[in-house]
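The two complexes that follow have subunit A in common; it is paired with subunit B in the first and with subunit C in the second.
Now for the complex of A and B:
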């Protein structure tokens, strides 16, 4: 790694930068490289290597687009979810779209920031709450002397319609959304394969350590 | 359904729909060839975004023309609007992530990759 300013041509710098990136260097161990000015005139010019050292800044284009699109996408997810019982759509598709909104926000505003906003409690709560609602609605029929998920025995008006809607909207959709977002956060945290398979604590450590290069991308 | 048995307006409409569909297929095919054959991630991202702009544009225009004046056509137009908004952003995100990763653009004279 050359710290000297202006060493080599741009092409050499670029080639070294790409090779460096593929080796996945541990940036935190190295001293930070001060931005230097190189090139044939006085214009500031960061070489590829130096640019890799600068912290990642979120893209204004992506953030603006996500800000505009996210409410519509979430509305579309709810639309698909609420149409599940009597037309194309359903809890699985709608939950996946709602989870995609969270993924989109994570890509635009940074995964760590999104993880702080959409905490693990919410993720697990969505999945577990959905399971509880699904099981609860299913068990009502069983307790009443019928079979599992026998909507007609629910003590509400239009029990078959609203029972099915309840399972779709309050049961399946939150489960799918919570599990998908949780899997995404797990994958984004990365796996520590230096000494065999990563364990739970290692993954948890990786999520709290925001100095790693993987999380910045 | 023979075209001759229809009135001229319907015939023109069917011909226009077929022309739009042909355009959609053409641009999607060009984009597909580009994604397979172009040398680096930047060029591929650029051609992949063209598939949506022109391919999906013509295709959804054909759909809207087929459906005529009804609610579903409005949904088609909204769909086209969101594709036009999100597609360039997705291409931008791909290119930006590749550059952030230190991906060197292919230039003339380099080996094919």
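Now for the complex of A and C:
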């Protein structure tokens, strides 16, 4: 508990009158801020609270809620993805919702624990695999003597329908999900992670995403 | 069949960008070979495209056209290669391949870097080849995002700051462009460039939506090009980025944005639109003129080499924007030549600066003192490129500026006072360019501590070793110094310098090559 000149709110500064942070000896004589000033005797003033060293704490409420909500959110993400071709939605939005599920789980159960389960290989695999599927579907038409992304030339039943669905579901959605999760892990890891080959990989993934997903608007 | 080359030029680098990540965990240094193979094949693709466009003659009146997915013109996205885009594609492919030679030695290393690099190349190809306004936005964003990542690729605090500055400004620029495209779409209901040409004429050049759309597009792209009041991101980004990254973004990124402005102005809105809207052209000329002047002045004031040439780019792109706004055949030809020539020159200059920094630890103009003694060939190539930037004949720099200035004088003869101002400002700018290039030459050849009597060469290299732990006391010979300047990159630099001089003789050839294009546009 220090005298925290910056953390004190302007209300306290007003209460202290002219005694700003400049009056250093004055501050040391008396208690810096009245603990009860927040208006609640039972709650300490914000400046009295020690910052937690680890931002993450297990909360039974949050963990239980996330456990219940996560399957529904993921299902909604998949729904949006699968219906993208003929209703509002699509790979972009669906992938983002699916990634949000992972983010939610990470917030509830701890980021490190989530990283162990949702490994770098999965993150990179989603992004890279999505790009390759997209490019592959596009190139089939080209190889067959047509134009790039000419779905009609795909050797499958209902090629135009399933070709477009394939790009949305197997291409764009995994890229978006992989990149969002990767960027989240990267931000959570902080900047000082000098040796992280994995984190750099994810930076590149971020760009990979925009390359191909926006490619087909 | 030939139109298959267009999607390949874009898809090949983007797909190849996944490979370093895919094989990265198993093979540590797979990134460079993949990037090298890809860019070399891109040079091949670009050469074939150029051959079809320039030698064999394009299959349609618009050039090579590829309809993605087989969707017809007003609805589908097209890729189009005409004379202008084909030449830009060649420049992109050559610079992308040339930079790799340097980045192999100088870094940044790592597979992720090469993924980003290939994506950037793919995005630049996309900007050059797309025939659709919205698709152009997508590729602008790909180029933007990869550039932000690459600027920060050495993970230092300064470059991260430069990168986020660029990100904020670049995003605003892209958004303004998108809003402009939205206005145009609202007025016309089309996004296809060739289709818009006719549709905009039908709606009318005085339509407020069309005018607002064009104005927003110009401002958005000016942010990306870095024209004077909107240039604030550019010096930081160029200075703080790793040397190899500066080389490629200085040569290509702003160039591609300027290409986009040229393409949209002439293919989409057409020269009649400019003629019908004097206010817009005059505003563009004013901004360009200020950019030319202020960019040159700021460049002359810099002491950091990379920052100096960054501000010089602000001035040069001002000339290109002026050429676009002048809207006569001579100026436009000059604009095209300067667009390509400036890209080539900045590639060479930043490569030279990178090599000087790599071999001798040179960062500032003052560090260059007497360097010509220790690195005669490197300094020579550097100076040749610098003089080409000033516009000393014969050089590509002269050709571009000459035609732009000539076009400005022609327009001024028609009573356009703003054009007269452009011509005057270009002359002043050239003097400033001469001033800062002369300062570099003076430092290289005439300044610095005299090693004293006796054998100048060997004592110099033994005595003053500000950087480099392994001071190799060799007699001067260009490539034998503290840290050996990589031979491959040095050869690339010399070739670029020779091309920059050689193309100085190609004025009439350029007029012939781009003649059909200019004929269609004006």
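The rule is simple: the second predicted complex is superposed on the first by the 135 of 217 C-alpha atoms of A that agree within 3 Å, B and C clash if a C-alpha of one lies under 4 Å from a C-alpha of the other, contacts with A are read in each partner's own complex, and residues count from 1 in each chain.
Keep in mind that, in the parts below, a contact is a pair of C-beta atoms (placed from the backbone, for glycine too) under 8 Å apart; a residue touches a chain by one contact, two chains touch by 3 or more.
Note that the coordinates shown come from a computational prediction; the quantities given were computed from them, not determined experimentally.
Chemist: Mind telling me which of the two, subunit B or subunit C, contacts the most residues of subunit A?
Modeler: Counting residues of subunit A touched by each partner, the higher count goes to C.
Chemist: With both complexes overlaid on chain A, does A:176 touch subunit B (first), subunit C (second), both or neither?
Modeler: A:176 sits against neither subunit B nor subunit C.
Chemist: Is A:128 touching the first partner subunit B, the second partner subunit C, both, or neither of them?
Modeler: second
Chemist: Between subunit B (first) and subunit C (second), which does A:137 come into contact with in this model arrangement: first, second, both, or neither?
Modeler: neither
Chemist: Pick one for A:107: touches subunit B only (first), subunit C only (second), both, or neither.
Modeler: So A:107 only meets subunit B here.
Chemist: For A:65 in the superposed arrangement: first (subunit B), second (subunit C), both or neither?
Modeler: first
Chemist: Touching A:150, do we find subunit B (first), subunit C (second), both, or neither?
Modeler: second
Chemist: So subunit A touches subunit B in one structure and subunit C in the other; where do those two contact lists coincide?
Modeler: 217
Chemist: Where on subunit C does subunit A make contact in their complex?
Modeler: Listed in rising order, the residues are 3-4, 7-8, 11, 14-15, 17-18, 20-22, 24-25, 66-70, 110-113, 115-116, 119, 122-123, 134-135, 138, 141-142, 145-146, 149, 155, 160.
Chemist: Can you check the complex and tell me which residues of subunit A touch subunit C?
Modeler: Within the complex, subunit A touches subunit C at residues 121, 124, 127-128, 131-132, 135, 138-139, 141-142, 146-152, 191, 194, 197, 200-201, 203-208, 210-212, 214-215, 217.
Chemist: Quick check: in the complex, which residue numbers of subunit B touch subunit A?
Modeler: Per the stated touch rule, the residues are 82, 85-86, 89, 92-93, 96-97, 100-104.
Chemist: Using the touch definition up top, name the residues of subunit A that touch subunit B in the complex.
Modeler: 14-15, 17-18, 20-22, 48, 52, 56, 59, 61-62, 65-66, 68-69, 72, 107, 217
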